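Presented below are the structures under discussion, each in the form of structure tokens.
Each of the next two complexes has chain A plus one other chain: chain B in the first, chain C in the second.
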Partner chain A sequence: MNDLPIIPILATLLGGLAFWLMLPRGTARGRGVGALAMAMALGLAGSQMPRVGDWLDNSVFFILAAVTIVSAVAAVTFRNPVYCAIWFGQMLLGTAGLFLFTGAQFLAVATTVVYAGAILVTFLFVLMLAQPEGKAAYDRVSWEAMLAAATGVVVVAALSMIIGRTFAPEGALYPWLGMPTSQQLAANVLTPAHVARLGGELFGRYLIAIEVAGVLLLVALVGAAVIIGREKR
Partner chain B sequence: MPYEVALLNNYLLVGAALFGIGLVGFVSRRNLIVMFLSAEMMLQGVSLSLVAWGRFHNDFGGQLLVLFIIAVAACEAAVALAMITMLFRRSGKLDAAHWQTLREANQPRFHEEPLPEEFGDQPLPWPRLTPAGIQPDVPREKIDYRPKV
Partner chain C sequence: MHLLLLLLEPLLKIAVVIGGLMTAAAYLVLVERWMAAWMQDRLGPNRVGIPLTKIRLFGLGQPIADGVKFLCKAEFTQEHVDKALFLLAPLIMFITAMAAFAVVPFGSVIPPDIFPASWGIKEPIRLMVAPGLDVGIIYMFALGSIAVYGVVLGGWASNNKYSFLGGLRSSAQLVSYELPLGLGIVGVLLASGSLRLDAIIGEQARTGVWNILTQPLGFLVFCVASFAEAARLPFDLPEAEQELVGGYHTEYLGIKLMMYLVAEFLHMVTAAFLLVILFLGGWHLWGLTGAGEVVTWPIALLRVIVLLAKVMGMILFFMLCRWSWPRFRYDQLMDIAWKVMIPLGLVNLIVVATCNEFGMPLARWMGVSAEWAMMAAGWFALLASWLVVSLLDPTAGGNRPRHLRPAEAIPADWEAQS
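On to the complex of A and B.
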């Protein structure tokens, strides 16, 4: 608390500056510098994160995290919306990998199939119907790029400061959070019968919720058809 | 730092970064579809945190909540794409600034600054080839005319 965490603050500020440089502002000047600064910010932030397990776990996690974050930045800052959508797909694959890394096998597959397979393709469909010639003039300017980047800096700084204070070794809030042993994990969340347990929970504890979700999907389907069909009358 | 705590810490940090990036994209981009992609990115950041917390508390609730997030995102995508298609039919572009007449009464209008031309949009430099054979009698503007690169 007494000494400021210099490197995380520096990383967040540098990331915000890089984001402002990389966002479309009507000019291509400074995008290379922005990409370089973003790489530096990500490296700084990664150097401050705690290591996870042995070197193999570490490298898998940090590669997946880097793929996710870099694709997310690219998806937001590219000017051609088709490239944005494709980078977004890669971001989804990165999050699917992270889900798999933490043991959520079904979610990894569901994210890949539903998000990257269905939703993203629908996006690309509309995009290519509406704007087949690539980037338009309004893709080359953004609203208030500097204020937007500053907002992102504030949000990320606040969140990561809270996270860092909660789990810092000397702050030691986490014993009160309760930590599972590996035997408990292997008996419940990391069980080999993952999908069976997940389905059991889904149709046991969350039966009403899944019925509501089904009704919601039906309502959305009907609503989309009504919205689209209104023009024809 | 124990393994589970380090894992949770890192997942929460990555989720926070995804949320922030999506927020910046949603606030600053003007293309309706890119705005929507950014909103989905914020959902992904929250999903990462939920899965990590679910593992930390040794409970399937986090993963199931993410499953519901995916279902709601699919609904959202269907309705939003229908609305975007409608807006596109009315205006002919995917520009959010085109609908600024829907703003509140005493809000100022968004002024679009004229865009400077970028190098990427200039016509490509064509190679100069060594002339061979008899020079045909073609007017200059017909040689330089390229309908579409």
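On to the complex of A and C.
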């Protein structure tokens, strides 16, 4: 038991507490303390991250990661729904940046187009049209602050346990997680013909899944057209 | 030291692109004003020359005067706006408009042998800021979809009902026309087999057949959609002050308004670049520029000149269109997107995909080359869909109330009835 990862555990618990303090619970008390504690928790967690590559790689990674996490926290702790949506958008851009950093170019731009460009804009329309003033009390407090913080702690702990284990000391990646080896990565992801490889996989190995998803979307589209068409008559 | 050298090339390219674009945008505004004057039979800006002298120089000093005026305006922010988002919205618009040029090739390559040997440059330098990105065209789409935030947030943050409605109107326009824009591009991507803009030019140069010759319908759809995406007339509802109290930037002034206007202008420049690169062969010109990757420096220079000349021609076409048509009504604008352009884009996609799959055996059977077969199919598709659209006229009266539609409102024997 003496190899208990004390710092990650501490960081996760502190982060959970900070998160609970920062959530809009109907009172502004403790928000500043919460922000401070969150910064400390993120610093602790960041100190445990493995350093890969030279200092330039590291600084790009840590800046992107910090932007992503800070925007994610802000997206759930801000009280104005429109601001929450904007922070969420910045979190998506940070995620896309992380994808780009690891060489998954298509995933990066697809995340931006689909989530930031299509889904979140629809959210924004709804938020702006539903409450132009944004003053309703029930939209400005989080309902289950304690439960949310606890769930966050559990998810972060479970994920960091699983992902932490995949970085074995000798750098070998565990095949049971479906993680690719570095040779596979170099052959499939980090090639100049990145998109061609991806397309080959999608329309070769995963053809049926793609087709099923396409048919599902088509059914939804036809259904929407039917519902709209009925109203006119 | 090594790191500095590594960063030097992209930083130089970024500096050249930003400086060039800003200057070009300023002077293109002047060209547009000259063109407006010419179309409306006036003189236009011709007085501002070299500052503090009496030299007029055909009005070439006008952009500097305009810029200084914009910069020196009082930086006034209204009381009722949402301050943070009011500033953020034009920034988003401006940054995304600039960032799109990261994947645009401004020519082909600079050959390594024009530099002194001591510099140690072995590889030809590609004339684009981010040559390593394999998803160039989707990256531009991603930035275009982010630009919608600038519009909708600008309208919302102004805290003004007219601005908000204008923001919704414009963002719905942008979102709608993204679909025909994408459909117009997919045909080109199918034909050239890459998402990289330089590879698309390379393919057109290799075959010697520009995409506009094989896919005229795709060109039409993409051209109309890029007019709408750039909010150029006849799609420029944000500029409709008299009818609609403007659009999302009604409340803006000074440098923030300038950011919006420059961003819109850059959208037009981007659209011109895309039209030239995707459909008009990029730097390729028959018999002049060659087609290969290895070039001597006169050919490299010639390619840059050809590309920029084509882009300039396209921009002049945009400006000519501005004073040739009246603005669309909003329902007409939406009808054109959903009822005309998207079906036409689908037709083009089907034709191109069929030609790609079956064109080769068919052409061999008919005894012509595959390029000629594709061209015949493409132009036939254009003429056939033109005929169908003009016969069916899907945009007529779609958004009128039912009791006012001609067929139902006026019976054939209305005189006898009354």
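Note that the second predicted complex is superposed on the first by the 196 of 233 C-alpha atoms of A that agree within 3 Å, B and C clash if a C-alpha of one lies under 4 Å from a C-alpha of the other, contacts with A are read in each partner's own complex, and residues count from 1 in each chain.
Assume a residue touches a chain if its C-beta (ideal position, glycine included) is under 8 Å from a C-beta of that chain, and two chains touch if they have at least 3 such contacts.
This one's a predicted model, so the numbers in the text were calculated from it and none came from an experiment.
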Fit or clash between chain C and chain B when superposed on chain A: fit
Chain B versus chain C as contact partner of A:41, first or second or both or neither: neither
Dominant contact partner of chain A by residue count, chain C or chain B: B
Chain B versus chain C as contact partner of A:121, first or second or both or neither: second
Which superposed partner A:11 touches (first chain B, second chain C, both, neither): neither
Partner chain(s) touched by A:22 [first = chain B, second = chain C, both, neither]: neither
Touched partner set for A:70, first chain B, second chain C, both or neither: neither
Touched partner set for A:110, first chain B, second chain C, both or neither: both
First (chain B), second (chain C), both or neither touched by A:193: second
Minimal inter-chain CA distance - chain C and chain B, angstrom: 7
Contact residues common to both interfaces of chain A (with chain B and with chain C): 106, 110, 118, 129
Of chain A, residues touching chain B in the complex: 19, 23-24, 26-28, 45, 49-53, 61, 65, 68-69, 72-73, 75-77, 81, 84-85, 88, 91-92, 95, 98-99, 102-104, 106-107, 110-111, 114-115, 118-119, 122-123, 126-127, 129-131, 136-145, 147-149, 151-153, 155-156, 159-160, 163-164, 167, 169, 174, 177-180, 184-185, 188-190, 197-198, 201-202, 206, 209-210, 213, 216-217, 219-221, 223-225, 227-228, 230-231
Chain C residues touching chain A - in the complex, by the definition given at the top: 3, 84-85, 88, 133-135, 138-139, 141-142, 144-146, 148-149, 152-153, 156, 164, 168, 171, 175, 193-195
Interface residues, chain A side, partner chain C - complex: 56, 82-83, 86, 89, 93, 96, 105-106, 108-110, 112-113, 116-118, 121, 124-125, 128-129, 132, 192-196
Chain B residues within the chain A interface of the complex: 1-14, 16-25, 27-31, 33-34, 36-38, 40-41, 44, 47-48, 51-52, 54-61, 63-64, 66-68, 70-79, 81-86, 88-89, 93-97, 110, 112-113, 115-116, 118-120
